[in-house]
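Please read through the structure below; I'll follow up with questions.
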Amino acid sequence: MENPITSKKLKTIEEAMSLIKSGDRILVSGFGNSGDPKQLVAALSKQPIKDLTIISNDLGSPGIGLGALLTAGMVKKLIGNYYNWNPEVAEAFNAGKIDVELVPQGSFAEGIRAAGVGVAAFYTPTAAGTELSKGKDEREFNGRKYILQEAIKADVALISAAKSDTLGNLVYHKTARNFNPLMAMAAELVIAEVGEIVPAGTFDPECIATPHIFVDVLVRRG
Amino acid sequence: MENPITSKKLKTIEEAMSLIKSGDRILVSGFGNSGDPKQLVAALSKQPIKDLTIISNDLGSPGIGLGALLTAGMVKKLIGNYYNWNPEVAEAFNAGKIDVELVPQGSFAEGIRAAGVGVAAFYTPTAAGTELSKGKDEREFNGRKYILQEAIKADVALISAAKSDTLGNLVYHKTARNFNPLMAMAAELVIAEVGEIVPAGTFDPECIATPHIFVDVLVRRG
Amino acid sequence: MFQMDEESAKIRIVKRIAREFMEMSAEKNLFVNLGVGTPTMVADYVKSDNVFLQAENGMLGVGPAAEPGKEDPLLINAGRVKVTETSGCAYFDSATSFGMIRGGHIDATVIGAFEVDQEGNVANWIIPNGKQLGVGGAMDLVAGAKKVYIAMPHTNKKGQPKLVEKCALPITGYGEVDVVVTEYALFRFKEGKMVLEEIAPEITLDELKEVTAAEFVVSENLGVLAE
Amino acid sequence: MFQMDEESAKIRIVKRIAREFMEMSAEKNLFVNLGVGTPTMVADYVKSDNVFLQAENGMLGVGPAAEPGKEDPLLINAGRVKVTETSGCAYFDSATSFGMIRGGHIDATVIGAFEVDQEGNVANWIIPNGKQLGVGGAMDLVAGAKKVYIAMPHTNKKGQPKLVEKCALPITGYGEVDVVVTEYALFRFKEGKMVLEEIAPEITLDELKEVTAAEFVVSENLGVLAE
């Protein structure tokens, strides 16, 4: 493509990767192969960094997607909700190689949003009394048991959008939206992989799913 | 208008009003004369009911908008954040005629959303240590003081939208959105005053601000 | 005792639940979240314009699976099936989607289970064998949906009861089950009791008790489990 | 002692803050929420494409006030002024809007105050006289914005200091103030101390101390308060 539209926030994928360091807590969006930043994840899996905490719905498959980070030994801890598609997770956990914190998917989504909006913790009935409530404060409201879920924040968020405008406003495509708008709010540094960049003013102001205030870096999907 | 588009959820304003009863907790949207359901509020102020708890950003002006409910003696309690435009509120409060619970606007918005999404309460730093934290639990997270704000739920929500589709999906106009999508989630019965009803499928599915699951009754703005 | 083949059992179960949803939606819209596997089949038998499917990955108004060649890889349901849109559908983020579920806006969810006990507790998220680490949205759904329907075979692959006195597996939600439908029976939890409301025409009450380890009450109006 | 007329004082204050915002936005975008009244005037003096105004009633990218006859009554800022859109602006609900503020995404807020004390506490929401019952977004803004700028006259209408040892009025936020700009001085709170960084050219340090009841440190690089 000749002379594509650019943005002050646009970086190469290499520049974007240089902003991520060992020990970082990293939010990665996506659900079931939809809405995940595939190129950012592929690039991340080749970085010479380690001890990462990966906060994501799942961890892809063995060696594939986020799974490649675990295969490459870059992961210290996982926070998420569904690792049944990647048996390497349970193996690594059982072998004591990584820590895994399972959070029910709704508490996970709400916990990420909480971090983004300045809520430190919230009471939810989900998982009350179950094995996943261990170590969490319990309290009754109107006769029902609730547990305290803390906010889930991160150093970096890697997200994916259909399009960005030059300011960094994002729109998504159908169920690829999932965790993206939430994760965009919950990290110090937000890197968005986008399919296209259009001039500011292109999107209907009523339909911007992620306002540009939440987006730091854009990487154009290759 | 001849043969306007209808909806299973469409009722007359009288039918809608018949669903509200004395003692109800009622959420009413709007901020500064934008996004408030003017016709629903005008009709409500003429109902023979009382002991209402009105949960709204403000209370209009004396005798005007929601102010008419107070003037008419229908109010038992107010929950909101800004009553300086209506001096009758402070007068009635000082005279012991009504109860007033002031909640900072952000805690108010987040508290209404919390009710809508099944969160019983959440920790916020807003108002910690101030007069508005009285009676609220306090707790430290990472060395900062937070207070526990409980969810703000209601029996009825009166909201306003630019357009509805026949299913009850809603879209708003600019800053008239404000509390509407939140209040639509937080009440047992949600009555929306809408400017126009269009066929389902008209709205871009990416741009629906309030999905129809949250809307019970539509009233067409006259 | 009468044995039903697996496929026929599934169809009987989902048709029965589909009928209930059609009845429930006669007067008002019904919003339903269907779990992966057998529960998803309920949609195939619901003939009603008033039933709307929600997928927890961020969609209200989920349509049927996409025809081969017409799939949009980014448009999926929570079971990762490539689906289609219905007229008036909407997309939203995962917090809003679980807000619908957790906030009590979803009228019913249908899920499978490893075990359900007579207290209405359900275990369906993990069999502790060290090989599984996943909960997904199961706990959110049982805690949040207004009514929890369990669609499962009456016994496990070893022929042992899945309706038990007390769940041995890790619990997904306590006292959250409303209705259990198997190929043999329909039970409802009412005021803390598990009540048999319908029994399959091919078996006797004694036979049912043989394969049910949970204590239950028989409804005064015991009916026939019909599709 | 030199007295400045009210309008000139306001302009000096808002121009000084506007200059700071232009400097802060040279390298990166700056997101700002302006309070009602004098703070709103800051926008008139910010010449930068990198400064974006947020209104807590649900808008990012607030433009200037609408021209008479071209107002949209539903498009207002938090001060109920009918405003305009900028290119790339966005609308959202109040919880998302306050999420931006409370989540620490707004770089700076400018507000007025009744009192600021030497601990960085600010009182700006109520004068207890029984006639006012309102807090609005004041507490959210001071707790949530990364930097809190106070734009206020140095003394109240009775000529008494508004910079005090300890706020007597109900507090809006504890230790939240970062910068105070008056017609006489610019103070920054640094490591628990209130530091005088700039003083108006028309007055002496002793004169400033006369009208300031808060204890403050004088910066080693004391500058002149220039617009």
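As written, the chain order gives the labels A, B, C and D, with residue 1 at the start of each chain.
Just so we're on the same page, contacts are C-beta pairs under 8 Å (C-beta built on N, C-alpha and C of every residue); 3 or more make two chains touch, one makes a residue touch a chain.
Just so it is clear, the model here is predicted, and its values are computed rather than measured.
Path length between subunit B and subunit D in the chain contact graph, taken as the least number of steps between touching chains: 1.
More contacting C-beta pairs link the chains of A-C than the other of the two pairs A-D and A-C. Subunit B and subunit C have CA centres that are 35 Å apart.
In this assembly, the C-alpha centroid of subunit C lies 56 Å from the C-alpha centroid of subunit D.
Chain geometry summary: the mean Cα position of subunit A and that of subunit C are 30 Å apart. Those residues of subunit B in touch with two or more other chains are numbered 110, 113, 117-119, 124-126, 172-174, 177, 205-206, 209.
Shared interface positions of subunit C, i.e. residues touching 2 or more other chains, are given as 85, 91-92, 95, 98-99, 101-102, 143-144. If the chains shown are joined wherever they touch, the resulting network has some other arrangement, not a path, ring, star or complete graph. The chain pairs satisfying the stated touch condition come to A-B, A-C, A-D, B-C, B-D.
For subunit D in complex with subunit B, the touching residues are 55-59, 72-78, 80, 85, 91-95, 97-99, 101-102, 130-140, 143-144, 170-174. Put simply, subunit D touches subunit A in their complex at residues 29, 31, 52, 54, 60-61, 85, 87-92, 95-96, 98-106, 143-144.
Those residues of subunit A lying in contact with subunit B across their complex are 110, 114, 117-126, 141-142, 144, 146, 150, 171-174, 177, 204-207, 209. Interface of subunit A with subunit D (complex): residues 113, 115-119, 165-167, 169, 185, 200-201, 203, 205-206, 208, 211-214.
Within the complex formed with subunit C, the residues of subunit A that make contact are 31-35, 58, 81-84, 87, 89-90, 93-94, 100, 102-107, 109-110, 112-113, 124-132, 172-182, 209.
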